[in-house]
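In this document, chain identifiers A, B, C and D correspond to the written order of the chains, with residue numbering beginning at 1 in each.
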Amino acid sequence: MSEPLVLTLSCADRPGITARVSSFLFERGGNILEAQQFNDRTSDAFFMRVEFDPGEVSREAIRSDFVALAEEYGMDWKLALRDRPRRVLIMVSKFDHCLADLLYRWRIGEMPMEPVAILSNHPREAIEHTHLGDIPFHHLPITRETKSEQEAQVRELAERYDAELVVLARYMQILSDEQAAHFAGRCINIHHSFLPGFKGAKPYHQAYERGVKMIGASAHYVTTDLDEGPIIHQAAEPISHADTPDELVRKGREIESRVLAEAVRLHLEERVLLNGQRTVVFRS
Amino acid sequence: MSEPLVLTLSCADRPGITARVSSFLFERGGNILEAQQFNDRTSDAFFMRVEFDPGEVSREAIRSDFVALAEEYGMDWKLALRDRPRRVLIMVSKFDHCLADLLYRWRIGEMPMEPVAILSNHPREAIEHTHLGDIPFHHLPITRETKSEQEAQVRELAERYDAELVVLARYMQILSDEQAAHFAGRCINIHHSFLPGFKGAKPYHQAYERGVKMIGASAHYVTTDLDEGPIIHQAAEPISHADTPDELVRKGREIESRVLAEAVRLHLEERVLLNGQRTVVFRS
Amino acid sequence: MSEPLVLTLSCADRPGITARVSSFLFERGGNILEAQQFNDRTSDAFFMRVEFDPGEVSREAIRSDFVALAEEYGMDWKLALRDRPRRVLIMVSKFDHCLADLLYRWRIGEMPMEPVAILSNHPREAIEHTHLGDIPFHHLPITRETKSEQEAQVRELAERYDAELVVLARYMQILSDEQAAHFAGRCINIHHSFLPGFKGAKPYHQAYERGVKMIGASAHYVTTDLDEGPIIHQAAEPISHADTPDELVRKGREIESRVLAEAVRLHLEERVLLNGQRTVVFRS
Amino acid sequence: MSEPLVLTLSCADRPGITARVSSFLFERGGNILEAQQFNDRTSDAFFMRVEFDPGEVSREAIRSDFVALAEEYGMDWKLALRDRPRRVLIMVSKFDHCLADLLYRWRIGEMPMEPVAILSNHPREAIEHTHLGDIPFHHLPITRETKSEQEAQVRELAERYDAELVVLARYMQILSDEQAAHFAGRCINIHHSFLPGFKGAKPYHQAYERGVKMIGASAHYVTTDLDEGPIIHQAAEPISHADTPDELVRKGREIESRVLAEAVRLHLEERVLLNGQRTVVFRS
């Protein structure tokens, strides 16, 4: 088997797309390993993800051949190596449970990424409980006055490391609109509430005050609209009246880690496609 | 065994309340069957629920004896027969899944209520799919102009039927502040979203637009603050990008029925105590 | 739009199946509305489900055209009207919560079935709490001596009513091997445990004795191997030490109803394909 | 506030126990912070857990005073410092995800333990992905021939380290009956299935073969009866036909870590009481 590829595409829905795409692959000797499609009848949009073994044909040949088909249908599309670990830049503040969880999953081989660098507005010593190993760490302190400058450094580092994805793993700074726009579609944040409930700061305290009976977490793409970006994954767990805000924080850590890791994995496996303000998520 | 009683109380927390209450019961020959307490360290309030077999002593004797103790501690309290079905008035509009579910549970003996009447702003024929049997049904149409009058009728019927609880089982009318205040603490509504997300109208359409990955339902006491009353129970289920608003409505029906039934059962068993804008829920 | 069709198929996996099938449909003017496929790399089997608008071409034309393609690939396949309610025969004993739930879902239009008859080993009066309406009811009492005869009656009725699916909605009789074989692939049972735990009788009492912390239910195709048939759907909920067997029965009713309804819906929508002792379930 | 204490007790149920125990504490100036009780009406047993601030009285005074009361009721009881981290010995084989999770929770202060030592049948180098820090590590290889001797070493180390709890964090060796008996009530194992389903080896492969639609994990006290000890906590998650055994292993890691951590926390907080082959779990 050659190195498997993954093709993702979206376009206006028209009859025959599946036939055309699957025939395209078959004629070139491709063998489909996994395929999903979604016909959004609300917006008449079409979404597809195909994992395939390209056989004898090179990725470049497939790519250049596919251009004509993609143009015919007006597709947004991407052809990627399925198994190449994606280059990920992780940003974190003081709470490192999501970071620790992502790195552990990476180390045991279940998270298909290469963590190219860790950026924090706190010094390395603040990340006490996570084994960072050889991953480059950059301390980029931030104040109201230096925010613009710090964000420029982040962009510069993301470029230098050729980062494909930026993960805000409980990075407790709000990105400027400029920064959010710069990383649009390639920056995932974990919000520690069940969005759209409890946007903004201290969601567990908000949840306690409101007296809800479940808490949750939401992983979403960052947009200029705070806590409003397309949601990739969410989960929630029951709580009780006896749970203090501190207990909620404890229970929340577990949900946050789990939800962020799942969202990152789905993104890295090219399973998440944007559909306006929503996402299409092709689980296996 | 005599007929079991259930004592619920709340007051400012002070040392010795458990001792005093349990000794009070023991000295009168009471035997505790189930007991829970909650010391709210945030508000320094104390909550207790005790199911007990009163032995030889009458409920009236216990009640009059307890007054002194309750006054000493400044308790809000209630002493009730555990197994007497509570008189419940159910209000419904066109969607009758919650009503059907509540009545089925009642008929097989798992919902400790006596449904004294069903009120609807639609005629009896609109409730097509639920077997109403002999339960009195009142059609109380409502328009903007007649709202005040209709609500007076509801109050009058609640009084006539001596209803202890009013259940809004997908009753699609917003109660006036006056009405909400009148039924404070004895009126449960099911909201078809995971509050505080998607308050107000058409929550499933809101959920679809926002692209959330879970939907839920919330049962809460009705207050003058719309969709802001103390929450009794909530649940949520995963959804996917492929779920249209219609699919969400279908999946939601199941969650709504379940959440409302659980909240009503908890209330009827005297397991829900108010704690400001929150609830204390003593599950067995 | 013509009446949508649903094509389901399975065969040994080979390159090009998706291309061939989707091109087949496209060439005949079919427009795919929803499609899923599964390449089982463990068994090298291929499974596909396609909902499509056939456009101008008749179902019969598509069917006869498809034969050659199906033979070429050695497919098991089925071409059905998507929206035609399937003819369902429901069997029940004394506990009617699953029956009540199925009928309510049918009445409000969310369960795509036509309940052709209800069969019970108890008389109609035993089904106290469910509105049976005009659905034919047959009382088929059973004893050890008459079992064979009663089962013949069931087969005869299933044939007379042209039932496409038999649902054992808490039918508390074990089918003989002969009967199970007769209805293979078209008989769904709800078992009130989280299989393979607690097979056989009184699973909630078994669960209580064992002290598990969750209970569940399993909907599966009936096979000659008791409680071992291919599982379609399962769910489980947390319980506590305070739950008596009676409480487990109460909590279980809800899970059973939900799990059976979901399995039946999935089957009726042609979303369940057999894969040896397992199932492939194509959710939308 | 003095150092809070936690009293746990169980005995045959009799009227007045709550009154006697709470009065006992009140008379000595104790102030209850959290209390739960369970009257098991099946076995007529009584269970209680009380967290309290002892005020001016010493733990030793309370303990010696309580003896008479405990004897009168024939109680099994324990009086412990609530906040003293318990001494925990962790055993592990090659898979270290549960170990990593426990240690991370400990390091951030949410797991009230002191990990006194880690024992493994594999060398330290095999635990590649977990930061062990200064925690003593003992490599105790085991073969069929040396099993008895290795287990003696384990007992000796447990004694030397004064371990209060032994956690089998995916320790892939079956304890001998002797060993299981030795650590009865103070040894928790995580089994990677939803017991009682899939006992024994390779539960995820068993789950795949059987085609279940959910997988789970069970944390239980170790007894001489393999995978039959009293269950403390369980959880389960949905899976699909597309999940290979490898995928189940990945999904299972998360459930295992979570379930074991919760069970260990509950035990360390003295929230788990044995009730024959079952457990009483007093969550806050």
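Convention: a contact is a pair of C-beta atoms (placed from the backbone, for glycine too) under 8 Å apart; a residue touches a chain by one contact, two chains touch by 3 or more.
Since the structure is predicted, the reported quantities are computational estimates derived from the model, not experimental observations.
The two sequence copies chain A and chain B touch through a face in which the numbers common to both exceed half of the numbers used overall. Distance between Cα centroids is largest for the pairing of chain B with A. For the pair chain A and chain C, the distance between mean C-alpha positions equals 37 Å.
A straight line joining the Cα centres of chain C and chain D is 41 Å long. Residues of chain B found to touch two or more other chains are 34, 41, 240, 242. Interface residues of chain B facing chain C in the complex, by the touch rule stated above, are 34, 97, 100, 104, 107-108, 110, 128-129, 131, 240, 242-243, 247, 250, 253-254, 258, 283-284. Interface residues of chain A, counted against chain B in their complex, comprise 38, 40-42, 194-198, 209-214, 216, 218, 230-236, 240-242, 244, 275, 277-281. Remark: chain A residues 15-16, 18-20, 22-23, 25-27, 29-37, 39, 41 touch chain C in the complex.
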